[in-house]
Amino acid sequence: MANGQEGGMSMREQAIVDKILEKAPYAEGKVRRERRIEFTVPAERIRDFLTLLKKNNFELMLQITPVDWPNDGEIELIYQIWSVTHRTHVMVRTRIPRELEKARMPTVKDIYPVAETYERDAHDFFGVYFEGNWKMEMPWILDDTEQDIYPLRKDFDMLQYVKKKYKILDRFDENKDNYVI
Amino acid sequence: MITSMIGIALKAFLILLYATFVGFMFMGIIRIVTARIHRRVGPPIYQPILDTIKLLSKKSNITHGLIYDFGVLYALGATILALMFIPLGSISILRAYGDLILITFLLEIPMLGIMFAAMSSGNPWAGLGSQRALLTLLAVQVPLGFAIVALAEFYDTFSTYQIVMAQQTAGWSITYLPLLLAAVAYDIVLQAMFGKEPFDIMIAPGEISLGPMVEFGGKHMGILQIQHAIALFAETLFFSNIFLGGAVVTAFASSILNTLASLGILLIKQLAVLLIAIFIGAIFPRFTIDQAARFYWKWPTIIAAAGAILAAL
Amino acid sequence: MVAQSELIKEARENGMDLLPLDKDTYELFFGPQHMATENFSIILKMDGHRVVEAIANPGFLHRGFEKLAEFRPWHTNVALLLRVCVPESDVPETIYSMAVDEIIGWEVPERAQWIRTTVLEMARVSSYLFWIMGLSFKLGVYTAGQWAAAYRERLMALFEQLTGARVYHIYTIPGGVRRDIPSDRWLHQLKDTVEYIKSKLPDFDHLVFENYITFKRMEGIGVMNKKFALSEGVTGPNLRATGVPYDVRRADPYLLYPELDFEVPVLNEGDALARALIRRFELEQDLYILEQLLDMGPPSGPYQVSDPRLKNLPRFKVPAGDAFSHVESTKGDFGAYVVSDGKNKPYRVQIRGPSIAHGIRVLEHLLVGSRIADVPVILMSLDNCPPDIDR
Amino acid sequence: MINELMIIIFTPLITGVIAWLLDIKGLREGISILGAAVPLAYLIQAHQTLTSQPSIQYSIVISGFKFEFLLYHLSWIFAMIAGVVGFAAVLGMASTTKDSYEWLFALMSLTGVYGIFLADDLISFFIFWEIMTFGSFMMVLKYNRKASLKYFLLSVLGAYSMLLAIGILYAKVGALDFTTIQQTLYQDAMRGVLGTNTLLSRNDMLLIFGLFLIAFGVKAGMFPLHVWAPDAYSETNQSYTAMFSGVLSKAGVYGMLVIYILLGTRLMYQFGRIGAAPKFGYVIAFLGGITIIVGGLLAALQEDIRKLFAYSSISQVGYILVGIGVGSALSIEAAIYHAISHALFKGLFFLIVATIVLRTGKTEFKDMGGLAEKMPITFAMTFVAILSLAGIPPLVGFASKWLLFEAVIHENMPILGGMIFFGSAIGFVYLIRFTYAVWFGQRPTDLDDTKDTPIPLAIAMGILALLNVVFGIAPGLVATELNKIFGKEIIKGTIWELNIGFGRYNGLLITIWLVTGIVIAGIIYFLGAKVRRVPVTDTYQGGNPVTMEYNLTIRRNFFLPLKETLAFWLRISFDRLYQDIGRWVEDLAETLRNYIYNGNVQAYAWYLAIILLILALWGV
Amino acid sequence: MEEIEFKIAPESKIKKKPSYIKPWLGLKYLFKKPVTIKIPHEKTQIAKKYRGFHTLDWKKCVGCNFCGQICPARAIEMTWLEVDGKMEKRPHPKIDYGRCTFCQFCVDVCPTGALRFIESFILTSEWEEDTIQLFDWVPIHPEKFRKLQESYNDWRFPVEKIEFNKETKEVVYHLRDGEVFKFKILGYGIRPPKKQKGGTDSKPD
Amino acid sequence: MVDWRLFEPLFEFARKRSLWIVSFCTGCGGIEMPPLMTSRYDLERFGMMANPAPRMADLFLITGYVTPKTLKRIIITYELQPDPKYVMAHGSCPLNGGVYWDSYNAIKHLDKYIPVDVVIAGCMPRPEAVMDGINKIMEMIENGTADSWKRYKENYEWYKKNQDELFGEGWREREARRWIPWLMDKKEE
């Protein structure tokens, strides 16, 4: 069913992309499929871009997805935004360095208040610090003993950590150690 | 003198035993009937007794100080005291002193003991529960007072026993309009006294985790269960006595048969009172405390005050 | 308040230890061991019976799914990710499968689509019944809750026959579903169940949704307005109760929903009662959808894509790419974002539970100023589901 | 023999002056205690005398004025209240007083009270009234100027009302001693019944009654004249407040009784009855009923211990007023009984508050908690006091409340019945709030080294607590004395039992059965396993660990739901109304002063002339 | 908002009226039969293909370790067994119910259909060292299991007790019908264990 | 004191037939508790009911996996319960980690931290299985073998050591104090 309407529907999305890009020449944008748009924005312009999106009726921020790319030495942040008006999903991609002290972003909680929660989440699991979000230090999901580790980063050796923390892994066979899937 | 005292003690003991047993059965009936309304089987009728035995046989108990223990004991003691004053057919021992005001007070003061014990634990949940319990008490008091006033003025006596006797000749209280109004108000009050919805605000498990009861466990809770059973018996008995005619059977030649018959009649009346409470409890959600206070100060108060004024005229 | 903290600071500097620190308000630890929260904790700062400040403390159910998913083969992740949303576990299964389908480019067979839609709707019905149970338990009208839980068992039995499990169905997998519909008898049973539940809806109305005291308890409690709800990312019935007609099934159609006829309820009050009534109406609509699906009948054909690679599931590889998919769950917009780097395991999976939006900031906001008795009602009217916050 | 009454009245004042002059720590306390003990001893002795003769009289003539004093059963009972509670309060003050100034005025007010109770003519009544007011005013002034001013203003209002009423009475009757007035007015009423012209018109009666009502209502703390009480009661030495609230407010009650004695028949004739109660009494009773509710509800909402008990005092005096207002012999007896029990338990309460304030230096609920462990003796006393005030059998509070209930309801007054029912519940409510906030729960660490009560206070509390228990278990002790007032057996029964025909109350029986019940419970309790003591941090907190840094006790706004429920009514405040009126009056006075006090001597002369003319026209 | 294309329910359909009377209809089931299944006395119907415990046809099993690879819980370990002194030619999966999530992906991937599942699902035990050994087993033959299931018909685990000797690695199954089934664990992994040296240090890979 | 051994069978019977459950849904198995408690399976037939307050509860159901954050609360709640108390573990996860065997935030072996009486298999266990587990616990109470609470008392040092190893010494105070700064100080605005 998707194929039949693709031409007409994609036009609408393309129009939106064009309209946005017109005002934000620093961004790159493309239509993924119907109701899916993707923008790539440099990290320092993210606030401007999201302000622009908000003005253009992209009301709902669904999620901030960090993805760790250790090979590139970068963490990709994807702001997933849905527009109730345009019925379109926008992914705003940006990349920041993954070193702990450099993995900093300006907060967007004044643009999308709900981002506060997502940013806390991203901070807890990826160590991305969002400047201006005062709840960053507030205890979130992880316990304090794990405060220094960021478990969702790719270089977090989970098995090693689990062995260290919980001492034995297997009740029935302690010499079962080929834990690979 | 001594034989009569032993007789009184024996009688009191039997009454106490009967009341406790029937009270526990009432608790069981509440659970079973509620279960049936829920479309389930429910526990056996003797379940509350098992619960109590279990609680009493706990091997470790905690206390938060002397008042924590004493409050619980006081609650049970006061309930036993109240029970002794309420006419139970023809066999109550202190019914000559069974004054309406006195009994009304005595039925309330166990709460004070429980509140004392609960609050001495220092738990905020218990504090919240006590707050709610006290405000419920306050809210209930107005219609309750008017209902009692209506009774006293209608019969021009405060003696519960005399009221019962008057009903034997003149018919049940609820056949008279002023007292019918008072009975309706009192029944709504009874809903709060039993701690059933919509007025189980005090314990509200989903909101404040049993409130005052949150710190009780082991034998303290066991004693409170006994107290609850006796209180249930006493409250229903009081209502049956003052509004539903009580029971004084003199039809048989044997006094034992008379006693048994009147106990039976009372039991049926008590059950009727209980069932109404269960039904209301099963179908209404819980009020919040301020809504409950507003509710009690509105409809039941108007009804009861109308009853009282009609009775006074 | 500022003066208070300064006083304390001063006292501390002078070596005085005046505990407790703040005597004007008191702290109430609402959960995790509490009947109204499902392993979720709210720290309440209280004044009398009013909430002054609420801090949500999630994380009791955090198991690190997003990490674990990176260590398990593509299909097996279904067995893991469905635990994100326990009461309606088919939703995470479906979004994950849909995202993987999109990355691979699979066109799911029609029969599978029908089954997926049916399963989703059944899950919605069962989740709503579960919610009615929760709401009525929190309101104190236990009767309705007992019934709701009992009627839900009928759906559980059907799920059991269809998928082989009661709660964790592990049924919808990338490329279709795992099993075919057991028999026509199952369809008849489903029809009976739908009719049965439909016939019982008035009972719930009598006890809960038309009860005078329910109205008293829920009217004007936890009010959100449209602007606030949108900016906080609230979705689902909670958003619709504020007057925004947003339903993923219509806004971003998937599976068979474009062909189905149903009404989206919208109310403007934005209070707990509006949210409850929206959910109540959606339950009716879901039953109606199920009826339509049953009238439509499952299309014939395979229930899975036929792909030779499926023969070797442990080594099954997905081409590099990413996809976002979302469905409408009873709690709101449930989304999954899946990244593949071409290996036999996902590179990154992120689940977007709707509760993370309405269960933290919105909850904290709505609780301020409410009575302690309203806390469970607000919690339940938002239908907060802690596991999808914690993941 | 003759000087007995004088000794009773003036010993406190004299010892007070001595204590003030000597100002030696230790000695002044001893002298003052002696000063409170001597009248008490004489009063106890007088009981013997009163069995043989109906009354003890004494009169003194100073520069033409004849001051008459009379000790009979009613005044003896009230004087005994003053004696016992005054003695206890003075004992308490021995621990809490800092300087001799307080001794002087405290004992002065005691003298005033004795004088009021023993006075047999309106002049001495008024003079001692003023002595009492002055003494208590000075006590308040020392602690809080604003509160004392409020007290002073309302007292002045009361005093002038009384003076005016006395003036009118004197003008009409021509005598000031109680006996003459009573007889004259009785005859007047008879004349009215016979249809001849009466001495006093209806308006006169209304005016006199109204003025007296204001005068005594102010002192008793009757609604809506209660506004001074919360401030004055709380802003003074708390031991003294035991006397202030326990005894001084009884002066107002006694005044109401004086209305009955002097004007009762006349008023009854003039205004008739409603049911069994006289109409004028109905006004008192209803104001009393409202006082119960207003005082009780406001007490529950207070955040300060002293304020809570101040409002509680108001509420309890409301009961007494209801009893007096209903006006049957039984209800008046009940009211006096409640006056006794109120003095006992409220005196006890204020001594407890004095102890708490003395030992912790704090008065607000939010700073307290968990003191029961640190102050066990005081807590035991509190326990008795709470049970008594809340009206828990078998303590004196219940006996008197019970009598009051029965008396009121028996007179077919449903609304009043409902009011006092509500009042007794609100008593529960605010007391438990007090108990919770002060004695139970988490103890702030700055109260960790709190000591228990000092010995004089302990003795004082012990006396009152003992009386609370004794009069509760043996209510007949009080009832026999009360019966003597009317000279007939209105409350029958034995020493343990009150029997009023349509209801019975047996204190002993209740005690026995309560003890039996507690013993039964105790047996069950002691058969169970041992108990282990746990700290407050080891309680249910939703599973979370807590430390003492968290506040786990509801310290402020405990009854917030009640406050919200009553929000509409709480907006109506008489205090604020009076303040507004005060401001208008000030405004008016300012304006007037500019015109009237213009500095012109001639103008002043004219004013004087006009006033004299008015007085002459009125027939003075 | 833009124009809405989909159907929006009218408010009148959603909104309800409060009532004091209607709740009383809630009492209508008081005298009806309860919906409860009285479990110890009644049996519940379990769906035909309920995902319960595993069965293993030892003859068919080729030891391919597909099941071990797909298992999300790492509950399956290929085990080299010796029955009656004779070593099995292929390793067999040993399943750990302390891990298993009953997803039965292992059954889906089993190329020969040796690993199957059965509807039984009840396995309860005290938490003690020797009793929780029950949770770690090599599944028995489907026919045997089916027979036991049909004879008892209570959906229980077929083995009552598993004795596991840690030194000798000998395992004894005490089946519910009293039968005893013995074997010995030689080692783990896909590769056959090195020749016996007490059977303890048979490191795989 | 009275010799209560005579009455012990009665007590055991009462204990067995009146198991009150702590209402603490620690994991996914919590979703099967409502059906169990409500009309369909109706555990109240056995005198069981969910109890919000741990002080009066006897049976602690660990309904599934346990995260360290929850385990702290579990231990605190468990210690609040009066003896004798019983613990039942649902499903695979408390036994050997379950599907979260390699999760960094799930406890692998519950018995290291608190003693458990009965464990039931399943993920999650069906209500019937849970009922079987409850039957088992009832039997054990009758036999007197349900003695995990005694084990906890006797081996308290060992359990405490394990708990401290996992959470670090003084975890109760640390956990409690975590929220104080956020409750005390107001936000910047």
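Read from first to last, the chains carry the letters A, B, C, D, E and F; within each, the first residue is number 1.
We take it that a contact is a pair of C-beta atoms (placed from the backbone, for glycine too) under 8 Å apart; a residue touches a chain by one contact, two chains touch by 3 or more.
Here the structure is a predicted model, which means the values were calculated and not measured.
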Graph distance between subunit C and subunit F, where chains that touch are linked:
1
Work out which chains are contact partners of both subunit A and subunit B.
C, E, F
Which chain has its C-alpha centroid farthest away from the centroid of subunit D?
E
Which chain pair shares more contacting C-beta pairs: D-F, or B-D?
B-D
Chain whose average C-alpha position is farthest from subunit B's own
A
Return the distance between the CA-based centres of subunit A and subunit D, expressed in whole Å.
72
Subunit B to subunit E: how many Å between their CA centres?
52
In whole angstrom, how far does the Cα centroid of subunit E sit from the Cα centroid of subunit F?
24
Centre-to-centre distance between subunit E and subunit A (centres being mean Cα positions), rounded to whole Å
38
Which positions in subunit C touch two or more other chains at once?
21-22, 26-28, 32-35, 46, 48-49, 55, 57, 59, 62, 64, 67, 71-73, 79-80, 141, 143, 146-147, 150, 168, 207, 211, 214, 216, 244, 371
Specify, in ascending order, the residues of subunit A that touch 2 or more different other chains.
84, 138-139, 142-143, 151, 156, 158, 170-172, 179, 181
Provide the list of subunit E residues touching at least two other chains, using ranges where the numbers run on.
1, 23, 26, 29, 34-36, 38, 69, 72, 74, 96, 98, 101-102, 132, 135
Which chains touch, pair by pair?
A-C, A-E, A-F, B-C, B-D, B-E, B-F, C-D, C-E, C-F, D-F, E-F
Given the complex with subunit E, which residues does subunit C contribute to the contact?
72-73, 75-80, 141, 143-144, 147, 150, 157, 160-161, 164-165, 168, 170, 178-179, 182, 203, 205-207, 209-212, 214-216, 244-245, 247, 250, 261-267, 277-278, 280-281, 285, 312-314
The subunit C residues in contact with subunit D across the complex are 16-34, 41, 46-50, 371
Could you pull out which subunit F residues touch subunit C in their complex?
22-28, 30-32, 34-35, 37-40, 50, 52, 54, 65, 67, 69-70, 73, 77, 99-100, 102-106, 123-124, 126, 179-180, 182-186
Taking the touch rule as given, give the residues of subunit E at its contact with subunit F in the complex, in rising order.
34-40, 44, 72-75, 96-102, 121-127, 132, 135, 155-157
Subunit C-facing residues of subunit D, complex:
366-367, 442, 444-446, 540-544, 546, 548-561, 563
